[in-house]
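Have a look at this one.
Note that the chains take the letters A, B, C and D in the order they are written out, and that residue 1 is the start of every chain.
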Amino acid sequence: MEKTLITLAMWLPLAGFVLNGLLSLRSKTANQSLVSGIGIAGVLAPFAIFAYLTFNLDILHLTEEMKEFVLFSWMNTGTFSIDFGYRLDGLTIFMAWIVTGIGFLIHVYSIGYMYAEKKDFSRFFAYLNLFIFAMLHLVMGNNLVILFLGWEGVGLASYLLIGFDVHKDSAADAGKKAFIANRIGDAGFLIGMFLLYQVTGTLQYSGILEFFSVHSVAADLLNVIAVFLFIGAVGKSAQIPLYVWLPDAMAGPTPVSALIHAATMVTAGVFMIARLSPVFLGAPEASTMIAYIGASTALFSALIALTQTDIKKVLAYSTVSQLGYMFMAMGVGAYGAGMFHLMTHAFFKALLFLSSGAVIIALHHEQDMRRMGGLFKHLKLIAVLFWIGAIAISGVPGLSGFFSKDMILEQAYTFKNGGPVLFGMGLLTALLTSFYVFRLIFLTFHTRHDGVADMEHHHDDHHGHDDHHGVLPVSWNMKAPLVVLALLSIGGGYVGLPHLFTHETPAIVSYFDKVLEYSEGKSPSEASHEWKNHPTESEEQVLMGVSILVAVIGFLIAFLIYQKGNARPQPDGAARPFYQAWSYNKFYVDELYEFLILRPMKKLAEFSYKIVDVKIIDNTLDAIAAALVAIGNFFRSFQSGVISDYALYIFLGMSFLGMILIGGVI
Amino acid sequence: MEIEIIRIIFLTVVLFSIGILGVLTRRNIIVMIMSVEIMLNSVNLLFIAFSRYFQDLNGEVMVLFVMAIAAAEAAVGLAIVIALHRNYHSIDIMDIKALKE
Amino acid sequence: MAWYQTEIFWVIVKVAVILFVILTGGAYYTLAERRWAAFFQMRLGPNRAGFWGLLQPLADGIKFILKMETFPRNADLFLFMLAPVISTVTSLMLWGAIPFTPIIELPEAAQKITGSKSFILQVSNPNAGVLYMFAVSSLAVYGILIAGWSSNNKYSLLASVRATAQMISYELSLGLSIIPIILMTGSLDLYTIIETQKNSWFLFTLPGFLAFWIFLVSIFAESNRMPFDLAEAESELIVGYHTEYGGFKFAFFMISEYMNLITLSLLAAILFLGGWTLPDFISSAISNVWLQHAAGIGLFLLKAFFFVFLFVWVRWSVPRFRYDQLMDIGWKVMLPASLVIVFIAGIYVYLK
Amino acid sequence: MNIPEILFYSFTFILVGSAFGVVFHRNPVKSAMFLVLFFVGLAAMYALLGAEFMATLQVLVYVGAIMVLFLFVIMLITVRDEALLNMSSNAGRTVIITVLVLAFSLQFWVLLGGFMKAKGEHVVNGAAPYSTEVMNYTTGEKLLITGNAEVISYALFEKYLLPFELISLVLLVAVLGGILLTKHKRETLQ
């Protein structure tokens, strides 16, 4: 029963993809209610099935046999065999909830959004369902190969959706950039997979977990494996140095940014680390590296986010920054905290993205914050929801972001290998986060500068006969998901009430300790126990106080500068102080990559074309070919085209065999 | 009515060799096919001889099959010869060298 | 054992008798055809040589022998001469397997002289008599083919190709029309086939009746007779494959053709009309064994004579087919029909 | 020398001579005629060995059908085409191949010479008939069948039924192939 249901849940999105894909082939203007019905069914059905399973099964106490089941034998080559099957446990059901739940909300939102966009509807929903299909396989597969299948599948869906607006070069380029950056990570991930197979002899999760519960593997080896696997996560989850694709990916439609590039796909790296927790927990050096890379990413992208003027770019860098938080948590062994932040981030970042999408739609596809301002009176509900999201992300007590971020900061502080440094970076990031998110809000909704009037003026100039003046109304099916997400952003944090309040292990931490337990009684918390100091209660109070303080400080700075000071960001070409210029130009990382990687690559390519290929390889091949031609000419003399000659050869061969026969007899 | 089987074997060897000689030396496709028939029939003779020698009729049945196949072969082979003649206006094996290309 | 008691001697005697009979028969068939043709056309026909013109064949023979032998230029002489020989020899060979009489128990006196207990006027009884007939008659094609080719004459070649194609085509339906009889008899032996029909001719069984018509049409085509004498269509091909033949060589073709007709008539009588068998009610009425044999053989010859007459009758009554019609009938009507009849015969035998 | 041996040697003479005729005669029509003689001689040899049914079939199939086809094609294609009458390879090649083939047949003489040296032991008895036991399916009793054609037909329709049917399929395909290959593709005027 469960197996059938799960299989159904896994493949229904594909059915939606196929149906909508066929519809999009037939006509670009397919019946919208039909298309959206199919699309929503493709995600709602799995959601309902997972909800049913959650409430009808005792997920935490499934036996190992019940957790995994095999659909069919996928490939079978000698000793290496891969089954196609799924795994149902606390981690996968958690991810499935997020994927299908947020996916469902965003599907609903997309109906209104894409209706306003007037793009081809069915293709969009087909791609979304394809994404859900791939993401579910990434999450639910019972072995690393299926995870990799889903990993590549979401990459494909991401590529297709980033370049959804096929007429825009920038969108297509962004899609390619995302694809290529992901390929680099995938290469590392594959190597990690191979090494892991060498060590454990299996790629099935149950086998891996069992292996690690029985054997202990040298930390050196695990460090190498963990690093390679983490390279994959770096690519997919946009960490330094491969984060550059994610901001560009904002070229895609806003629901895509919310679903793929904020809530689900980019967290695949985090999920993968949690999934393979024994590997990473056995590799302390690699974990430390992960923590530092996460912290650096968080700080670095927060710095960039400070000066961005595109509303979606700010949120994109914010996403990179928050992902850095998650990796920092994973690196210090706080798996529960990382997954907790994954969940809350999914809520509030989806909320922020979708709200910004509503703003963009309302302003006729205007994304530049310099053209906004004073929108509060036009978009009251959206503004309120945006405020909720901003408070949640900045870590103001009471909302979800506060709990998860505080947990991560506390865990980072206790880390033995430079915990205070990590904490400091995290704290600084929290300050910056608070600043840029409120900067965003003030610039968009509250300054005296009237964005709407500006826009109308702008429109009168360029589109004299545009009928849509003023702010466009935001339809209910865009608003409803926003409300739900806002409620989740407010309440979602309460599954992880801190130790300080309850004097118990936070619920979500104990949940993941139970879920990720890979050998009898060895949970991530216990495994990483020796990595950590143990703070006193007063220390915890101080830490929490500090983090609240920085959130408030960030808010105040933003308020003073942008609301009271009424500052506006400069136009693109204007002169900036060097610190602003660096941030605004993203620390010139793209240019650095161009200089460091692309130029040498081009030179190398030129060298290998002009010297290696033309001179060496071609000449060698010509020589070989000439030799072959000579040999062939010799043998061609036998091939006269005359059948009697061929018959003669047959006869000679037969005679030869006869001679052998006679030799045998005599 | 008794004949030593070794003589028949030698006879079939001679006939078979003559057939080979025809296939290898003649340039007329039809004569080549006829030489192939000689080869087939020399083997048939051997079949019959051994079939009689062992008092086992499987050999004769085999000859029956060989005959049927030979009939089919002749029909198709001659049809090919006609098609060749139509396209090359020759049935000289030296003129038909499409295999070389 | 005296020399006249050896088997070989009696075989030679039989061969001599049969040769005499068929050569004379063939010769007189020519006369008969001409007389009957005249009868059909309200003429008199040859009646000067001897009483009723009975010496006419002899006169013809003398004339053939005395004529000058001519050869076409560039003709292949060996094959040119071989062709009529092949035709005649195959016609003669066919007679070797025909049982003209039943096995006759010889009286004591005759047994003492001949040294054998019984007698049958049949040169040899091959293992598969019917197949032998077909094998040999298929050789007759070579006479025509070689004659046409070696004459170095376009019309001859065309005629021989036509005739050969026609004979091959109709050999199929001819062979298939005999299969019902073989099925009903369970033997390929001509003697057995005759014996089986003692009380019921195959003509009067359902498959036999159907096959008979196929057989009849096929033998007309086999022998290149009207209405299938496309090989000799005078208006198109002069006189066919033997255009270049004259004198005694032509006589060979001529006589072999008429001998073939007689053979086919005998075969028809054997296969479908019961040969020399007498039904029980007749043989019981005749008390003397010798009289019985005489009656049976006489009846046999009479049946054959009917077909001999039929050949002429049809020749002067039915117009010639066109060549494509001939081929259409052969492949599209006769062959499928005979296949269907074989099927019917299978069911018939199974039900019986 | 008894009569079968005399017959055997005369047939051998006919067979070898006509085979050489087929291979070395310059005129393909004469070659074909020699082949007819070859087949008739072979049929006689079969009859001598006691395979009368096969002898009849040999004449019926090879002489009556296949060779007529050959002659047909030769006559239609090479009508007075003198260029085609002289079509054998050059002398050097012929000599080389002849030597090779002689060597080839010598193999068998060497191979077989070792066996059956004893005279008169391994003989084919042409007079001994086949016999086989078959079952009458309607009555269920067993019958002893003798005679050439009967025995072969029983073998053909019981033991070799499947190959027999397959051969008929092969023949059908050959018929279709022959028709397709020789059919003229006439350009239809549009």
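To be clear about the criterion, contacts are C-beta pairs under 8 Å (C-beta built on N, C-alpha and C of every residue); 3 or more make two chains touch, one makes a residue touch a chain.
Note that the structure is a prediction, hence the values are computed from the model and not measured.
The most distant chain from subunit A is C, comparing centres defined as mean Cα coordinates.
Taking the mean of all protein C-alpha atoms as the reference point, the chain centroid lying nearest to it belongs to B. One inter-chain figure worth recording: subunit A and subunit C are separated by 97 Å, centre to centre, where each centre is the mean of the chain's CA atoms.
The geometric centre of subunit B is 34 Å away from that of subunit C, both derived from CA atoms.
With centres defined as mean CA coordinates, subunit D is found 7 Å away from subunit B.
Per-chain Cα centroids separate subunit A from subunit D by 79 Å.
For subunit B, residues that reach two or more other chains under the stated contact definition are 20, 24-27. Of all residues in subunit A, those that touch two or more other chains are 644, 648, 651. Of all residues in subunit D, those touching 2 or more other chains are 53, 57, 65, 76, 89, 97, 101, 104, 108, listed in ascending order. Pairwise chain contacts present here: A-B, A-D, B-D, C-D [touch as defined]. Within the complex formed with subunit D, the subunit A residues making contact are 644, 648, 651-652, 654-655, 658-659, 661-662, 665-666. Subunit A makes touch with subunit B in their complex at residues 639-644, 646-648, 651.
Residue ranges on subunit D touching subunit B, taken from their complex, read 4-5, 8, 12, 15-16, 19-20, 22-23, 28, 31-32, 35, 38-39, 42, 45-46, 48-51, 53-54, 57-58, 61-62, 65-66, 69-70, 73-74, 76-78, 84, 87-89, 93-94, 97-98, 101-102, 104-105, 108-109, 112, 115-116, 119-120, 122-128, 130, 132, 151-152, 155-156, 159-160, 163, 167, 170-171, 173-175, 177-182. Subunit C makes touch with subunit D in their complex at residues 76, 79, 126-128, 131-132, 134-136, 138-139, 141-142, 145-146, 149, 152, 157, 161, 164-165, 168, 171, 188.
Contact residues of subunit D toward subunit A in the complex are 89, 97, 100-101, 103-104, 107-108, 110-111, 114.
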